[in-house]
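Just passing along the structure, written as structure tokens.
Which chain is which? They are A, B, C, D and E, in the order written, and residues in each are numbered from 1.
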Amino acid sequence: MSIVSTVVVFGLAALWITSSAHWPRLRDQFFSWSHIEESFPDVLRGFWINMRVWIISMILIMLISLLFAALRALRGPWFAPFRVFAVLYIDLFRGIPAVLLMLLFGLGIPALQLPGVPDAALFWGTVALVVSYVAYTTEVYRSGIDAVHDSQRAAAKALGLTQWQTLRHAILPQAVRNVVPALLNLAVALQKDVALLSIIGVRDAVREARIFTARTFNYSSLIAAAILFLIASIPMARFADWVTRRDQERRLQRTM
Amino acid sequence: MRRIEVQDLTKYYGDKLVLHGIDMGVGEHEVVVLIGPSGSGKSTLLRCIGRLVPYDYGKIFLDGVPIDDPALAGNELPKRVGVVFQSYNLFPHLDVLDNITLAPRKVHGIDRDVAEARALEELEKLGIADLADSYPDKLSSGQQQRVAIVRALVNDPEVLLLDEITAALDPELVGGVLSVIRDLKAQGMTMVIVTHEMGFARDVADRVYFLDQARILEEGPPDRVLGDPEHPRTRQFLQRIIEAGRL
Amino acid sequence: GDAAETTTTAGGEACGPEHPALHEQGKLTVATGDVVFPPWMLDDDPAGGEGFENAIVYELAEELGFERDDVVWVRTTFDEALVAGDKPYDFNIQQFSITPDRAQVFDFSDPYYVEEKALVAFPETLPGEVSTLEDIKGLKYGAMIGTTDLDYIENVIGATDVQVFDELADVFLAMEGKQIQATVVGLPTALFATAVQVPDATIAGILPDSEGEDGLGMLFEKGHGFVSCVNEALATLDAAGRLDALATEWLASGGEIPRLTK
Amino acid sequence: MSIVSTVVVFGLAALWITSSAHWPRLRDQFFSWSHIEESFPDVLRGFWINMRVWIISMILIMLISLLFAALRALRGPWFAPFRVFAVLYIDLFRGIPAVLLMLLFGLGIPALQLPGVPDAALFWGTVALVVSYVAYTTEVYRSGIDAVHDSQRAAAKALGLTQWQTLRHAILPQAVRNVVPALLNLAVALQKDVALLSIIGVRDAVREARIFTARTFNYSSLIAAAILFLIASIPMARFADWVTRRDQERRLQRTM
Amino acid sequence: MRRIEVQDLTKYYGDKLVLHGIDMGVGEHEVVVLIGPSGSGKSTLLRCIGRLVPYDYGKIFLDGVPIDDPALAGNELPKRVGVVFQSYNLFPHLDVLDNITLAPRKVHGIDRDVAEARALEELEKLGIADLADSYPDKLSSGQQQRVAIVRALVNDPEVLLLDEITAALDPELVGGVLSVIRDLKAQGMTMVIVTHEMGFARDVADRVYFLDQARILEEGPPDRVLGDPEHPRTRQFLQRIIEAGRL
């Protein structure tokens, strides 16, 4: 029953599309196998850049934000300037579209030619991603810290642990565990945002695909890039979903 | 000199008066039980004594020293006053042994081996040594509460504060935990206990305080306060509990 | 050749491989697009010398006294080229149109080519015969960013709601999708695109010149000492008819295409 | 104390930047007031497009995903094909970078010239945003539905409510309330992703800024665009944070 | 014919046997109490009777009709069998009146006015009519539980299933809720009650079943089962509860 209706619905949609007078043209321009094949080596090479940038920036993001969040969670006047900075930082870098941030960082900072700072677009584009995601990720960690019940702090305090020991041994391990699903979802999002590097001229998968398009006026290379991204992201996203669901069940059980 | 001395203690949460002019004392080896309706301030009083929340007015002394004295600063007070909570508050990411040895190792600087040996010894006494490697969420509520008690005991506190430690337990599991407390009393531990188990209160208390609406209304030996209360509010409170099929 | 030895800049240094303003002594370091397109350069290979712009660069280099192997190519994107700061090259060549605004930020060489602009469309999207700008004013246009085509459409033709794309390919695809009806591009590009890349599109007409269209120039950092050398070499090449010859060799001519009038 | 150290830190950073030999040039190219002023009217006009697209697509996204999520939550074989579709849909559209999706939808589909389908870039760009965000938002709603405790279903069933009534009167209102913070955060993200419309030729704020840049070789117009986005997003993001925090407190209280 | 008849009921959760060969019956106007340790299957048995979970083997009859009979399909069974849960399960997004009138209006198609009048009347009886416009999270646990009872009652059920309805209440609030149940018994309501309140069980039950590990171990009048149990497991269970200071 269910299979039948699925087939019927999808079949009708396919019919509608292929019946278009322009379908053959679209097929040639978007789904031309020979063009996909031809562009594939370049797109794949670009995709390695995406993956490398993804992994490196992910590691940096997770560590830097954890540090930020921990410093922010400490109370007392000594840490006040940091809290001010964090608020400004988060407002600023969560508020600017990634496209703009990429342009400003990827093109602006290299122009500064600061002493001892590399000026490759790849480097500064990665920095733009890290800077932007750190803003989100710090908030995620913070929500994880907030979600640890105050009674845990009370218990740690009653045992005589200092503020830092409490954070280190009681709060942070639980906070990180709380936000693993959110972090995974950010990682999935980052995997795709790495494609923004293409805007500032880094020859990643999307840029390679667009170069091919510009040369041949054929868009099949974009499909090749899309396929690569799907291959990478579907397992990641499924894994993130699975972790999220398991985490939610764990939570429900605990409340029950 | 009594071990704990509370003088004219007053505390607000925002605008709300939660403790008002509380005078109270706990002698050496004495077991004091606090009873009273929900919201009367029992937990807050314990928290003040354990310096877990600030208070607004009055004084609290441990062995004659004010608890905000520099001599008790840092972890000096927590070393001497142990707290066990209604909801156990075990650290869910640590196994039983790590839960228990965290404070000895980090606060008291005891070697892991020594701390663990001590922890196992205490667990043995309560008959749950085989759970040493389990994580809290794999334990029954009664087992968790016993671990929480051990966690407080390995700090070798001079005073134990116990806040409704059986309220969250399944009825069948209550007995086991309460008998642990009876043993502690037998060993001479000084304790302040908040409980709704009137049978247990009568059994274990040297003295009972009845709190209502931020004030102590009545104080005395358990037989009198629980058996023949002076204050009408105490009578009403006990009556209700009897109606509920308890006592 | 000989010209290089006799020419000097205002500062008095000789125009040649030893000029102190050069990024690397003895080399002529030239930047161009990260990916270059015909007919400006063929096969995405500047060093191959096939194509209009790289052919000019090699003739220029020879004129200035560089060996062919002394020409070093560097790739930049259009955006990267526009950012201020020391550049790891002497000049950038990728069809930069010279405009007064831009000349405030960078120095341009004298024009090496003055493009005519062409109206490109699919035959079926045009409203019949077009012969004046008035006929095409009401069309929906798209243009590629970074060119003066957009200015032409808005200021000379007077059209509104122009869509602006990053790549020429996008402009043509939008045309196929009927999101736009026509575009304006430089004639060489138009000829190449309609001949090779989008055979279905046609050049509907060559557009009249606009005021202030100063042609394509090479892009130098502001105050770069080598600009005048390049200008003199260009003037020499022009006088010798080399620029026209190269244009004829690499850039197809408009031939039979009708011209629109204002 | 805290103010002093903040000032010191920020001051040092500013000194480091402005001490660069290239600072005056950078200032002129990125922070030139006259260029900001000059580009502002165009950028602002583009920004209205961003805001209009944002609001329209947000409404569509919220409604469509709610419908999807509700249909998905219904049990029984009749709804099986829909569940299959939902899984495919989500995998596909969460897996492709937004940049690519924008190119494929904004340029590819109009080229098909399907009968009776509009072909404006603005329309298809908005569709790309909606299609992409519906994938995320459906997941958000679903997690909200999952988070409603099963005992609520049991209670509704014990009262004799049908499956649809249970969903309509007992589950969905709570589910929506559960995910208000997540929805707000998606709305904040969408506000910025609307800038991707610039890629397919729509003259939004970013495109106008880039046109100005290409015309004058001056980047100050990008700063103008960034400022507009900040003005719009900071209050939104703050509001979302506030709702998130309040929601978390509400949750904690309930568990307590 | 008894109102409810359970025959040889068996249920698994996955591999785990949760109910095994349960035979049980509830007569007209009878009040049956189920007692037993945690995890013995009491809640599951109630849920099976209320058709809230499927079972694997055996039969359940309501007035002689199998509960999976088409005659009881849809909302026919829920109309006649009301359920009240330990955690009340009020709908947090609806106020008290809407919580109560949701089923009458949507399931029984009663006009809002009529349904609300009826709801207010029942709330009045339990002394909480003034809470009609409040939201559940503004009520005390005892008040919430009374609302949950009213919500079940306005469906005019013939049988009420009550699952540990006082377990989550503060001790002082237990009495109020239990007296509501006593009143219902006086009015002749047929009920199946799961409870840990032994005093109440003895007071209200016509018959008591003792469950342990998925089986009924003992059954009889409350005085005998609670006062002089035959089965050693029952004795042990009651002993533990007495130790815990209850009964």
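Keep this in mind: a residue touches a chain if its C-beta (ideal position, glycine included) is under 8 Å from a C-beta of that chain, and two chains touch if they have at least 3 such contacts.
Quantities reported herein were computed from a predicted structural model and do not represent experimental measurements.
Here C-D and D-E were compared by C-beta pairs in contact; the pair with more is C-D. Averaging Cα coordinates per chain places chain B and chain C 84 Å apart.
Mean C-alpha position of chain B lies 50 Å from that of chain D. With centres defined as mean CA coordinates, chain B is found 48 Å away from chain A. Of all residues in chain A, those touching 2 or more other chains are 25, 29, 103, 107-108, 111-113, 210, 219, listed in ascending order. Counting partner chains per residue, chain C has residues 82-86, 173, 176 touching two or more of them.
With touch defined as above, chain E holds no residue shared between interfaces to two or more other chains. All chain pairs that count as touching, in label order, are A-B, A-C, A-D, B-E, C-D, D-E.
By the touch criterion stated above, chain A contacts chain C in their complex at residues 25, 29, 103, 107-108, 110-113, 121, 200-201, 203, 210-211, 213-217, 219. For chain D in complex with chain E, the touching residues are 151-152, 154-162, 165, 169-170, 173-174, 177, 254.
Chain C makes touch with chain D in their complex at residues 78, 82-86, 99, 101-102, 104-106, 142, 145-147, 150-151, 161-166, 170-171, 173-174, 176-180.
Those residues of chain E whose C-beta lies close enough to touch chain B in the complex are 37-38, 166, 170-172, 174-175, 178-179, 196-200, 203, 237, 240-241, 243-247.
Remark: chain C residues 34-35, 37, 44, 76-77, 79-80, 82-86, 167-169, 172-173, 176, 193, 197-198 touch chain A in the complex.
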